[in-house]
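This is the structure I want to talk about, given as structure tokens.
As written, the chain order gives the labels A, B, C and D, with residue 1 at the start of each chain.
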């Protein structure tokens, strides 16, 4: 299998989908500059730079999506979505329903998220939970280059608006990516490592951290099962519950703030639907209720570490 | 391509305005009586709405906002299905889910109506991009208020339409009010049209209470958009004769300003002109009024007899 | 005690605080029209109408708050906050931290929320969980007229940005309101009805629904304890845990969408910190993952009902 | 009130520009060597920054953005504490939490710096409202880019400042670039100044590479804001000589346009003028350069020797 970074895999996915479907187009601040290979192949009408104006980028995508195009927009960093909330949440998320199903909004909004660039909280906040809570939207957040390709292809083909978050820290880390029409369906989690003692659920950049923690746990004789959610909405509830029913122990991990983060939904889901199987409390590890600092050591300390995860899992198993 | 014949019958425009007025008045009565939810009516703005919509082609597309009745009716929407929608009934254009504020009618090219002030401005560029990229005929008419023009999305929308050369006819109904705030409190000048110029968008302001003037200006504006493929902003200068949202006692309204505008009521203006020219007789005028009443009575009866949506509609149509 | 509606109580709270502190001012679309009594007393400089532009309303509030004023802004309906997210989340929420504590943002943003007006999802979405998840912000959502007054006074005095959501359906329902300087501290829940069999936790408009459900449950011999959160952030974790440790059973109720709503945080909190006390699964009742319809019966069906709550509680107790 | 004496010494402005340039060049070198994180440098825009800041009074307030080094240094910020902040050290002006992108220095009146493009526009009106309502002297200078002017908040901010009569000196550094997009792709005209006019905000454009011209225009603009209490927009037309964010190979940049602008480098322009007039000797120029280097060397040494923040800083300063 060829090796690509998530950044490259995303480019490949977009190119393949643009080749397959003439209604797919891409725009955003600097996309035509940064993805000039796409401009070369598909022309400036289908790959466009925009003014610096996230609200109209997202609104234009919603309007275009409802009338026959399939836009992919790049909103750069997750906090910039604060300017685009109306188009995403109030228009793309709600107007299908409010129109009684007259319109659909097949669009994909890309954004980088999480720490790793040392530029502070106005570039670094994990807000995926906002969109999971908002009706009419789907949300994906891959942890591997292969999933970047496969989930993005599925997202572009999906007839609903999809928020596609990619962790900045993973963006340039190469991984194996299947060639050809590799499509990963939205809504299916992946068991990245089977195990019987404790379930670690995560997504995005903390997924490899969980795998590393599982290695460490294995050395102490604890068999951790690691689940990569991949899609945050639809959420693969079945995969979550199946694993917890097997292990009886759960640690949920993400970089996003712990408070009212997606981990809360997963813990609540389990506390409601797998209560009988639980052998102990459900633990959540996530970022503090604080903006992310630019300072390197503080930025690094924001997200749960291998040691944090291993310690939490061990505390459940003892 | 020979230009289309766009001669218009003023009588037909009067009829459309009258239908809209009658529709709104029935809503006002019925909502005061508790038979209907409140709405944002277009009373006083019928010439602005009808004059523009009558200037559009069948394959043009429309985006509008919360004050949309005259646009919808002039476009040919069935008053019964509109009232049903206002009343949240299953026979409404949006199955009762929209209510009065976001009524879209895809079959009539009325798309993506938003009640987020500025939502229509946010979506219009994308609709126009589809028209352009998919090679479809038809320009995009986007109706919005003077209040919406104060939202940042106005600036972003016009700028993008200008830079990308998108066929959007922006129609600003400057009705002097933004809910409970007079336009005077929210902007230095009197006209939104000027705001378009530095963005490279040509514009014009027209007396929004004279339906023939609006119609002519809109034909001209639409033609410019069609020919150039570029946006244009038409400002219809008019007045919201009723309150923001029924019921509304308008205690906050300047009486003298209101009286001056009411003296130029768009329907009376048009009717008197037609009566004066002899094109309309008093009898025909009375018959026209009567006919509008009958249509709206029938519509209301239809709407009231319509059932509410099934409970299953709570969660249908969310995802494609 | 005099009787006031929440709308009136809010006006009283603002007037009292404006009298007490000359730096308090209020602005928003139509506030000077609708609250003309405040204009009469305090003048047009301290009570201002604004252009229709939520982003700059919120931004102006943040800028003013950081430099000596204490603005109260009215953003009307919760979904309109989508236009104001940058100022609230990226500026008011983060710039204290990013500046190393050089600035504070004592501002209050008011918004109506929830169903009751039959105008559909672009006016009606409960997004309080977004702000709980965002650092640097506080969030309150009263269920009584008295708390409207008391929490608003506390919010105005707080040196942090506070989102103040008031349920539309409660806005004109009169209730008793203490006269004088009635201040309800942020971060303290209220036990509205003591009980030993099951805990019902809610806030805002579903709180009275829980009380009604508790009445119904009492008739079947189930003693429900009803907790009104009042502050969603800071969250009164102690009050929640104390009650659940006593009853061992929990139903969380809100109108906001269940998926990734605040109820998830509460369920997760309990599943982590009161696991040993739990006698059964933690149940959450909330709105569906769907926009709110305008149609009356659909709007009414959106939020959990007395019957839903009573049935959930009973299922735990049987 | 007698107008202040605002005669300025061009030599002092050259010194400030030189300090900013030297600071940025040291960042570029050090970040290429991996000793520093990347930043958005103000290279090429020193005249635009220094010319305006030198025109402000001590009690004026400043809001700026991600490309702020020349504003901060001209205002008197200590390069050591700035570099410490860029490097995330505890001795930085924001304890290392900001990094390079949102450096505020309250004691110098540099407030609420935002790296959300347009954030400074969003906050400036409120700061000016405080000045006005609390009766404090001092206007508010708000620096932003041509890209920020494309954000809707530009429209909202100027409109509110106009309607509420707020003392904001908007300073748009039109540097031809918006990250990786040339300004030409994002607007029809060449000047942001025009965008202010219909909102009732007067404006002017000045050659942003001529520090004396900028200074004079800024003195004039600030004086107008002070006198009228109303906003004014000053556009400094200049060029971003380096890439958007170091490191950046600028492969996407039009070489001819860049060369033309580099030929008008603001520091060279100023220095040559001073040398030609005899106010500066070659020896003094060399000494000036040397002095700037020494200051920045010392600053870098200070920053590098500074410790990182304690782990407890992860959650301090979040709530008041």
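Throughout what follows, contacts are C-beta pairs under 8 Å (C-beta built on N, C-alpha and C of every residue); 3 or more make two chains touch, one makes a residue touch a chain.
The shown structure was predicted, so the numbers you read here are calculated from the model rather than taken from an experiment.
Novice: By mean C-alpha position, what chain is farthest away from chain A?
Specialist: Using the mean of the C-alpha atoms as each chain's centre, the farthest one from chain A is B.
Novice: At what distance in angstrom does the C-alpha mean of chain D lie from that of chain A?
Specialist: 36
Novice: Which integer distance in Å separates the CA centroid of chain B from that of chain D?
Specialist: 46
Novice: I'd like the Å distance between the centres of chain A and chain C, where a centre is the mean of that chain's Cα atoms.
Specialist: For chain A versus chain C, the centre distance works out to 29 Å.
Novice: So the centre of each chain is just the mean of its C-alpha atoms; given that, what is the distance between chain A and chain B in Å?
Specialist: 41
Novice: Of all the residues in chain A, which ones touch at least 2 other chains?
Specialist: Residues 50-51, 53, 55-56, 79, 82-83, 86, 90, 97-98, 120, 122, 135-136, 288-291, 293-294 of chain A touch two or more partner chains.
Novice: So which stretches of chain B touch two or more other chains?
Specialist: Within chain B, the residues that touch at least two other chains are 95-98, 102, 114, 116, 118-119, 150-153, 156, 159, 163, 185-187, 318.
Novice: Can you tell me, using the touch rule above, whether these chains form a line, ring, star, complete graph or other shape?
Specialist: complete
Novice: In their shared complex, at which residues does chain A touch chain B?
Specialist: Chain A residues touching chain B: 23, 25, 45-46, 48, 50-51, 53, 55-56, 58-69, 71, 86-87, 90-91, 95-106, 135-136, 138, 158-160.
Novice: Looking at the complex, which residues from chain A come into contact with chain D?
Specialist: 29-30, 32-34, 36, 49-56, 79-80, 82-83, 117-120, 122-123, 288-291, 293-298, 301-302
Novice: Of all residues in chain C, which touch chain A in the complex?
Specialist: 79, 82-83, 85-86, 89-90, 93-94, 97-98, 120-122, 125, 127, 129-130, 132-136, 233, 256-257, 259-265, 267-268, 270-273, 275-276, 278, 280-284, 288-291, 293-294
Novice: Chain A touches which residues of chain D in the complex?
Specialist: Contacts found on chain D: 37, 88-89, 95-102, 114-119, 147-148, 150-152, 178-181, 185-187, 252, 308-309, 311, 313-315, 318.
Novice: In the complex, go through chain B and note every residue touching chain D.
Specialist: Counting only chain B, the residues touching chain D are 150-156, 159, 162-163, 185-189, 194-195, 197-200.
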